[in-house]
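Each chain carries a letter (A, B and C) given by its place in the written order, and its residues are counted from 1.
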Amino acid sequence: MTALETKEICFSYDARRVIDNVSLAVESKEFLGIIGPNGAGKSTLLRLMCGILEPESGHVALFGQSLAGQTPRLIAQQVAFVPQETHFALNFTVEDIVLMGRYPYQRPFGRDKAEDIEATDQAINAAGIVDLRKRPVNSLSSGERQRVVLARAIAQTPRILLLDEPTSHLDLLHQYRIMELLSNLNARGLTVAVVHHDLNLASLYCRRLVVMHHGKVHCQGTPGQLLTEKILNEVYGTEVRIIRHPDKDVPQVFLHTEGQHEDRQ
Amino acid sequence: MTKTALIIIIFLAAIAAGILVGPAPLESQILQLRIWRVVLGVFAGGVLAFCGCLLQGLFGNPLVEPYTLGSASGAALGASVGILIFGAINPALAFLGSLGVGFFVYVVARIEGGILRDRLILAGVVMSFLCSSLVMIIMVMGGRELYEVLYLLMGYLGTIIDATNRTMIIALIVVSLVLAALLYRFHRELDIISQGTETAASLGINIQRFSLILFFSSALLVGMTVSIVGAIGFVGLIVPHVSRLLFGPKHRFNLAASFILGATFLLFADMLSRTITVYELPVGVVTSLVGVPFFIYLYRK
Amino acid sequence: MLVSTRKAILSAGLLVLCLASCAQDEKKSHYRIVSLSPAMTEILFSIGAGDKIVGVTTFCDFPEETRNITKVGDFSHPSIERIIGLKPDLVIVNLPEQSRVKRELEKMNVRTFVSSPASLSELYSELSALGAELGLQKTADSLVSYIKDNLQAEVSSEPKRVYVEISPRPLVTIGSATFLNDLIHMAGGVNIFADLDKDYPVVGQEAVITRDPDIIIVLHPEDITGRTGWQNVRAIKDGRVRTDLDPDHLMRPGPRLVRGFKQLKAAIND
């Protein structure tokens, strides 16, 4: 079944077209990675997929229903979005932040219901931040904060989770923790789509990749099919070497430092 | 809990002080006046601080208040025009000023597909200056109305209540309190919006609609307040900060606490304004006179 | 009856004197005066120097003839440029409000005549000084005696307490540093705010109610009888709220003070 589908969508910032006629399907329960060079339109695509932005033409369908006909609240009950970085203007505690994930289910003036508290507790457990729950969010490291935001998205109990570069700025341990967490959630039936800059992490965790280039889908397939010297050279304009990961039979990408055209000129 | 009890006790003390302390000995006529003053103080202080809290939350900016967004100055301009034309404050003109400036600020900040929130604040500040200049022109042209415009600009709770304005003031107070109570429902949205508009949108908040509702509702509230007691500054700016220091960031507490603390602050300020000199000072003079050192103390602590 | 006859005679006398003086001072007829004081403008007209006025403020609205005279700005913000442009021989300035204007004009060697009467006797000496300045000593002196004759203090054993309200929002009244304060005393009353050593202080409703005036003189168009908390004020209970007095007669230290004083006396002692 198709969870989320974009049909011939276009989007421009001012006069610059950043998403150009993109048709893409995210299958239910898959772990999809969206890769591509800076400015390829990955982040914009993600925002169009969850309704933060509206396409100029074409439409986005969520389980077969067009986003345009649904309230933001209804969409938020099905799709959660984790931005690359969150600035916390007010210093809420971790559990306050996670509880905000329940917003799409709450009524104005209503109190926090038992199921809201329960979902919050579960999300805090799942994200492994139990010991942080009473801490003010601005006292946390960026890796911890990213897990708090992820917990908030989990508390939203979505069917689809969209993430924009969730591991950028994080150290190895935190990268690992986040990706393992996503992997677990995916194994339990959550559809995950991640925009990634880190090709090797994408290769390790995503079962399918989409390569974006100049606002279009350049190609899609398994990491094994896509992470080739030819495709990466076309898209990134730089020469790379591919080897196999020692533990898992997936490609890993390294820069080719000898014979780079640009460096020699 | 104890903090809640404490601010309620201080609030009640402020009401008691508002009724008991004054230049004249307490008897039935004076009591009537003091009760009105307390009612106006609770209403104006509460509503201004509430709006300040609302707007600071909406814009994620601690320097925003009804003044920075131009609505207070717009209302003052409208009211001054009323003084010049009709010889008295006309609430309709005050709303018109407040909403008119609000609308203008909105148009300036509008871009295709939404509003730029930073530009909204900038436009508001610029419009405040424009309104102040226009009020200045009215003051120069007016002559005899000068005092009235001056007290309107600084705010004054000792205004005369008679048959011509009693019903209107009661109606405005009731409408404002109902509107404030309705806006209180947005406390969750304000919590969420502090994490950025994208996060808020992804959690199901219609940011454009939400911002518009809050922006124009608070412009309306400020317009109503200014038309009764004038443009009292500083309450909307500092009270929400005090409230956050006491109760943390949650708007469920802050909106309510700002109302109570704003009312308390204005009651004490008014008590001073009518007792420290033989003359009646505009209460805005006292709010800034007392507010500034208190604010500095609070932040150096 | 007798009073009005005397007034008529006096007015006629003034008129004759005025005409006479105009003829007398032919040589000074091209003398140019700019008056920045509404009271002084009235005085100039009544001593027969009206035709010498080439500029006034927008506040100078009496007598009728002022309408056709060039306006140089309002009372508190007259334009120096416009004043200089009229090439005046003499500019009458009001202190303390126009001290800045006076300094500017003196810098440019324009002759000024200062008016700032704080009492009747000061008004009298100003008038004769002005008369001397303009060569209209006789008419000036007769105006002084006209005012003197008509402003005779009433002796009252139990003066009525008077509250004057100039504007309602906020309440602006008169302190002791005003002409009107003196007029009230001469008319047999006492200003309830005579203890405030200011001209136009802002006061609170509580202060007015506690001082409980016998008579309220309202100098603005608003009705004050329905105010909350004012029901038991003596003047309101007794219906002694006067709204028919003309503020221009009471607050401008000029010839019309005489008329204002009569109205005031009637209001206090009716």
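In the analysis below, a contact is a pair of C-beta atoms (placed from the backbone, for glycine too) under 8 Å apart; a residue touches a chain by one contact, two chains touch by 3 or more.
Just so it is clear, the structure is predicted and the values come from calculations on it, not from any experiment.
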Touch graph of the chains shown: is it line, ring, star, complete or other? line
Most central chain, Cα average position: B
Chain centre separation (subunit A, subunit B; CA means) in Å: 43
For subunit A and subunit C, let me know how many angstrom lie between their CA-based centres, rounded off. 81
As a quick test, compute the distance in whole Å between the mean CA positions of subunit B and subunit C. 41
Using the touch definition up top, name the residues of subunit C that touch subunit B in the complex. 59, 74-77, 166-172, 196, 200-207, 209-210, 220-224, 226-233
Under the definition above, what is the set of subunit A residues touching subunit B in their complex? 47, 50-52, 54, 71-77, 79-81, 83, 86-92, 96-97, 100-101, 103-104, 106, 108-109, 156
Under the stated contact criterion, what part of subunit B meets subunit A in this complex? 57, 60, 113, 184-186, 188-189, 191-192, 194-196, 198-199, 201-206, 244, 248-250
What residues on subunit B touch subunit C, complex-wise? 22-25, 28-30, 32-33, 36, 87-89, 140-141, 143-145, 147-148, 151, 156, 158-164, 166, 274, 278-280, 282
